Structure formats: structure tokens, C-alpha cells
């Protein structure tokens, strides 16, 4: 406690001052001063105009086309990124995993993005559980959104189609049968790292599977691992998106991405 | 500081004890004990299976159909909820606002939800800015996702189509022309209130406009107001979804919702 | 696409209308209408006045005193909550764990809270690692903030003093020596559950250890477990705060709590 | 839909295969494989050891001492940062604002931090409302934690001591009388900006006033402004902490900071 002198300012204000004036510079029962509608209008900067796709699932004008069914030009081999993607184009319509050839990855690198991708289980249904139609989309080459033939095919809930592998099960199983194409529409927020390399904010992901919400802005808890607890790897920036070769003839088409 | 006796436990441990043993019960250079893959598999409970719509935009099997183009049975008048919705059905295909009749609202009440709704500007383009094709979707009858004919029609950015009205401008303008239908796919998280009525967590919303991300899990800052700052109203629970009559012949079709 | 008629409203507006008027109802280069300072003043409701403690660490006027050094009246036995807390009062100044008697818990139940608690390692330093001065504060009887004699006593980082046990290591080790008292100042946010029992928002915790930030609003990942992955238990409401008997004569004093 | 051939793998598996085997590679009623306690111990890296202050409020060993009562060496003038801080040292114990001399700011720049600061209203109580003991701590020279003599001195709730000025009122008013020193213990998280300059995450702040929680990890909504809506300024990095000259003889002592 300091030694101080308190002036009796009430006296200074004069005897006629109402009591309230001692501790308020405004009558407290007055509502906030009213505003006008224009005060909460924001005009600048103008919102950028883009052209949406003709129908849901089609790429809008500001998308990067990663695969149009005809060429793998946007992809390379994961085993040797200096080489072309080793998967095959079918009917100028879609691509198919060539089991044993290894995964493929984009030439470009990405962070936050909206991704649309379509996939189908192999035409011939074989095996069960994790052995059927297994592949995956790895964001920043590290965080896996599982692809599997989960139609009438039970496996562990955090490993079925639409799961963040061994992290988050999907909210529902919205898988189509093996003769049909599935869509994932993904809103992906990359992890943030501090200048010293430590994690600042984990990655988050929202996924619609065939238009149905299956991941609702969940936090990704770390690098996808088959064995053990997931934790975050060393700090990293934008990186490729990769598709997994898990030994099954999974098929893909219509892949596009918008940077966010 | 307390008066205590510290036993010289180092001595007690014996002279031959290596120094490290003084403050560790395990050699610190040992890695965590390895796990097995099965230890991070979670099998129960089984993820619920649903059937997605045949194409993007169609209702999945677990959706509530709020409007199928043929009947307004799921809606009532906002002016008098005991009366039928006063808007008109066109061609057993869509509904159209009847200007001056007032808004309409669902019979059912909702909180967190995934909503799909399709809308179109009036057939006849009239007026400018906020006067053209104006309507809105009010979640819980309070928080507005703006509907407007924002095709070649500038207005304030936080009031155009896809804005959370006077709160958040859309990330991009993905509006189609007035001869075409637009879709909103919305993931809405209702505000949470504490038992004492105070706000626990504000509402959040993600919106895809014609498949393009325009609101990315943004926080809704309060009750939508035309004039003044938005703040949260008194605590409330689930409530109706309402569509606004703003005097324009805005059209709607294919409205469905999944409770989250 | 619908069959529609677009009126050529530009013509309707007249030839003299400047081009801008076609798509704007306000010149887009006008800044927002200026406000006045009073428009952002909020006067009601008046902020509640409380009296802080005389010095840091002392209970403010709105705190519940859980332990004042003299009586265990606010606590009961964990083994049998119908019985008094089996720990002992020392010198009308603090309490000491009676090893083997079991933990103690508050009579009252709490959710969100600010908790102040002081603890000291046993007077006699014995054993190493997890065996020295081990106890813990369990929020809602489930989520443990570890207490340990972590002064010159290495153990696993997610199990030392100030850790959320087997969940989050402390940011730094701010432990005092065994002749001194330590303080934890905790801001605890309870988990939220939905009406259907599912987790809505996980618990979060901020901890200052002797005035030093050691947990910065981290997410608690589930029920504290000695073995296996932490996940959230069944939905629960407010619950007791408990202190662990881990077989060591850990000491406590000056425990108070403010409901948030 | 693609033209495909589905192999009738059930037949292939043989008639004796139980039904479950058709869609599962593991009996679904098996619990996860049990773990061992050591599997969730994390030993590396060792948590950094620091020495806390001798009592609450004293600087720990890893703090930067911004003001020890004796010298303003860590501060400069805001009007002209090439000049010394123009405020005065009193009794080698604290500093006092020199009204009209302008604010002062640290020489060093900071982002995320834990800040301890002590302040006192002027010895002589004069004026009312915002006119009494007004000053403020500006984090990154932009975001103000209000300082005011709020003891028996009503003003607008979002402008009293402990408010984030015109953004968030304090949870309670924990102000001491003008003969006493107050403490703020602050956990400040700086805003994050993306490479393109847009806001990635807003700033957040937690404040204890005389040990009492008054701001609980609230989001700072933008640059502090006296007039109008707060929004985020252009992207910026670490910056100075400044103390405001608002024309009152507010006093300060014992200021220290830990980088987070």
C-alpha cells in the first residue's frame, strides 16, 4: 500500500451534485446511441466473382484441374517423383491403381484447400475388410482420408471409408455399391507451425461423402500411422497430395482443387 | 517455507548408484514401448449406414424432406403459424414467394443440421442492389444466410448472396444467372447457452454455394440485425427455419435437412 | 435451367442512367457511414463487483473456500463418501495424505471453475520418478492435473508435475524444492455433452504453476487412464473434485474455487 | 454407373463360411488389443526447468524484466522512439505517467507472451468515468487491455478496467482502491496472418486481475478503436508493447514478460 492523498472530489463537485455523479460520467440507464443501417454495410473490397461448375461436382472457374480422366500430367510417381505416374488411364474416363507400382502424387504442392475427388471400388469385389478397395488421399503427403470399399464390408470404424485413418471414424457410412462412383468434397485446413518449429494449430478437416457430412471440422491429431499414437511431425509447409497404392485396383476420376 | 527434514536419499541408495538413478526411474533414452497395429483399431460402435442420394444434391436416406416441389405441408405462415404457408407452388416443381404475404417457417424445430436448399432469382429481373431477388434463410429463426440475386448486381459485401447478413461476406461470389438454380449446402452449428442463460459457444456455419466454399466454419456473431451491432439474444433452444419475404419473387426447390 | 423472361431493365431505367446504376444501389467508392464513440459503448448490465484477496493467492470475495488449513469439512472419503475425509490436519495449517486411506473428494460438485490450490512434496524425500510425492487433482472426478515432486526428479514428460496426466506435458517445469509450497492456479472448462450423450466439446485447461504458465488452454483428450488411449466417458454433469492418495505424504493448503 | 463385373465372392469363400465372414475380417465383438502403461509414456524431449519467483507476482528465471522500479531502460517515447521514455521514476519503486508527454513503448518487440504488470490509480482521485486513472496496455501496439480507476467509478462496461477496450467487458470488477496496487497477469496469443496478408486466426487473451479471472481466452475482434467497429489491420508481426498516456497520473511497477 502506498501513502497517498485522496481528494474528496465529491465536495469539489459541489453539494448540489446528485449522488450518481460521483461515479459515473453518463446516466447508466441510457441505452447505446442508435446507429443507422449504413453504418454496418461494408462495401470494400469487392468480393471476387467466379463461375461455378454447371452442376454439383463440376469444377468452378477458379479450380486447378488435377485429373480430367484423360491425362496424368499433374501427377508423378511416389517412388521416384522424376518419373511419370505409373497408374493407368481407362477409356479416357478415369484412372486405375496399378497394384505394386507405388502411389502417385501431385506435381504441385498445397496447403489449405477445397478438394473434390471421385473414386470407385475395384470392378471385381475381392477380399474383405481392409483388403477390399483400399487406397487413401494424403493431404500434404501426411494426413490420410481413407478410401476403402466400405459397402457391406465391415472393418474397424476408424479405418473405414471416410475415416481420418486411425483418428476419426466417419459420422455415417454413405458408401455406394462397387458399381458406382463416390465423391468426397473436402475442406482441408493445414496445420500451422511456429517459427521455432513447434505446432501452432493442428490440421482440421470437413468431408462430405456423396453429399453427406461425414467429418465436421474435426481436428487431425497428427501424422497418419498404421502403428502407434499419432503426433505431429516436424514443421512443414505446403506439400503434395498423394494417392495410395494399397494393392487394390481402386479407380479415380474428376479431381479438382481450390486453394483457400 | 516449512520446517522439514530432507533425507539424503542419494546416500541411502548407496555409493555405487549411478548419478542418473537419483532422479529417474527409467533410463531417459529409451523410446516409448512399441505398440501393435490392432491397439489403435476401434470397432465399436458400428458406424450407422445410410444411403446417399443418387446424385449430388439429392436427399440421402436419413434426411427430412422439407420441400419436394409439390407441397408446402412442412411449412406454415410466419405471421400466423396456425395458418398454411402463403406462398405458391409452381408447376409442381418449385415454390415462389408471394410478396407481402410474409415469410414462411418450418413446422419442425432444428438446431445443428446439414441443410440443402435450392433457390433462384425471380424470373423477371427488377431493381438493383438489395432490391433484387432478396430473401434469406434464417437458422433457428434468428441467424440469416442471405439470399439475393448477386449476379452482376453489386451491393455491400456483407449483404450479398451467401453472406451471413451484416456479419460475414462470402469468400467468393459463385452466383449463377437468373435463369438458373443455385444451391446452398450448409453445415450449421447452433449456439450453446449455459444453464444460467449466458452464451457458452456462438453459432458457426460452413456454406457451399453451387459446390464452392463461401463460408468456412465462421463464427456467427449474434442475432441478425438490419441496424446496429449483432449480439446474442436470450438463451434459446431448437427453433424453426424460416424463409424471408423481402418483397421479391424468389423461388425455392429441393430443400432437405439432416439433423447433426 | 428454367424458362424465364428477363426484362431489359437497363432500358426501363432510361438511357440517361449511368452504367453503374445497372448493378449497384450505392456508389461503391463510398466509405461506411462514420459512427460516433457512444455507439460502441455498452453500459448494461453493470459488471459485478467483487473484492480480490489481499495478495495474490488469497481467496477473493466470491470464492468458495474448500480448505483453509483448519478443517476438512468440505471433503469426504472417496472410498465411502458418507464418511469424513481420512487425511490429517497438521498444525492447523495444512493437510497431509494418509497413505492407504484412499483419496478425498469435495462434498460439492463443480463444472467450469477457477481453482487455486497449494501443495508440497512430502517433508521426507523418498523414492524416485512416479514414486515421489505423487498425488493429483481430478476435475469432475475424471480428468487429472498431476501432482508430483518434480524437483530434480525426472520421469516421463506427460506424467510430471503440472502435466495433464498422460495427455499433455507442462510447457516448463516450475517446481519448487521439497521444503517449499507450490501453487496451481487453474482455469478449467468442463466438457460439454449433447442431449443424446455424445461429446459436444472437450474439456480445456489453463494452468499457472507458481505463477508460470504451464498449460495454455489445452484440450483434454478424455478420461485420465494409466493404461491405454484416453477417450471421453459417458455424458456427465458437474461432479466432485478429488485429490488422489498415491501412497505418498503429499501436503495441501489454501484451496479455493470460483464457479465460472 | 459403370459397367462392371462383381465376383460372387461369397460363393468363392465356400458354403460353410459363416455369414459374418462375408463383410468382416475380424469378429466385431472383440475389444481393442490391450496396451501396457509404458506405451503412453513420453520421455523426450525433457521439459525445460525454470525457477519460479519466490512468491506469486515475482518474475521467474525465464522472464524478461521490463521494469524493476528503478530504470526505464527498456522503454522509449512513443512520439519519438529515438528518445528516452518521458515518464518519471518515483522513489526507485515505480513509474508515473507524465500527462501530455505521450505514451511509452518497449524497445523489444513481442508476439505471444505471458505478461505481469502492476498498476495503481493516481494518488489523487480526480474526475469520473473515463477521466479517472485512464491508461492502457497495448499488445503489439494495437490491442488494448484497459487500465482505469474502476473502484467505485462506473463507466461503460466494455471500457472499464480489465476490459478489452470496446470489445469485451471483464467478467467481474476486481479493482482495488486507489491506495493499493493492482496486478494483471495476462496470457496473450497474437493474431496469425497468412502469407497473402489475410487474417488466419484472431488474437486471444486471458487476464487475471488481482488473481481473479476477468477475461477467459476471449477472441480479440480487431484493432482497438475509440470510434467504430473493430476489424483487423494489415498483417503485422511482433511489435512493441505500449502504455498509454491518457492525461492521468497512472502508476506502474513490476513488469515482466515471458515469451510463449
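In this document, chain identifiers A, B, C and D correspond to the written order of the chains, with residue numbering beginning at 1 in each.
The criterion applied here is as follows: a contact is a pair of C-beta atoms (placed from the backbone, for glycine too) under 8 Å apart; a residue touches a chain by one contact, two chains touch by 3 or more.
Remember, predicted model here, so these are calculated numbers, not experimental data.
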Quiz item: Tell me, which chains sit next to both subunit A and subunit D?
Solution: B, C
Self-check item: Interface residue identity across copies subunit A, subunit B - same or different by half
Solution: same
Quiz item: Through what angle, to the nearest 5 degrees, does subunit B rotate to match subunit D on its C-alpha atoms?
Solution: 180
Quiz item: Per the centroid of Cα atoms for each chain, what is the distance between subunit A and subunit C, given in Å?
Solution: 29
Practice problem: Starting from the mean Cα coordinates of subunit C and subunit D, work out the distance between those two points in Å. | Solution: 16
Quiz prompt | Per-residue overlap in subunit C, given as positions that touch at least 2 other chains | solution = 26, 28, 32, 34-36, 39-44, 46, 154, 156, 229
Exercise. Provide the residue numbers of subunit D that touch subunit C in the complex, in ascending order.
Key: 32, 34-37, 39-53, 55-58, 60, 62, 114, 116, 154, 156-160, 166, 169-176, 183, 185, 187, 206, 208-213, 216-217, 225-229, 258, 260
Quiz item: Hey, which residues of subunit C end up touching subunit B in the complex?
Solution: 1-2, 4-7, 9, 21-26, 28, 40, 120, 123-131, 152-156, 178-181, 192, 200-201, 229
Self-check item: subunit D partner contacts - residues on subunit B that touch it in the complex
Solution: 26, 28, 30-36, 38-44, 46, 219, 229
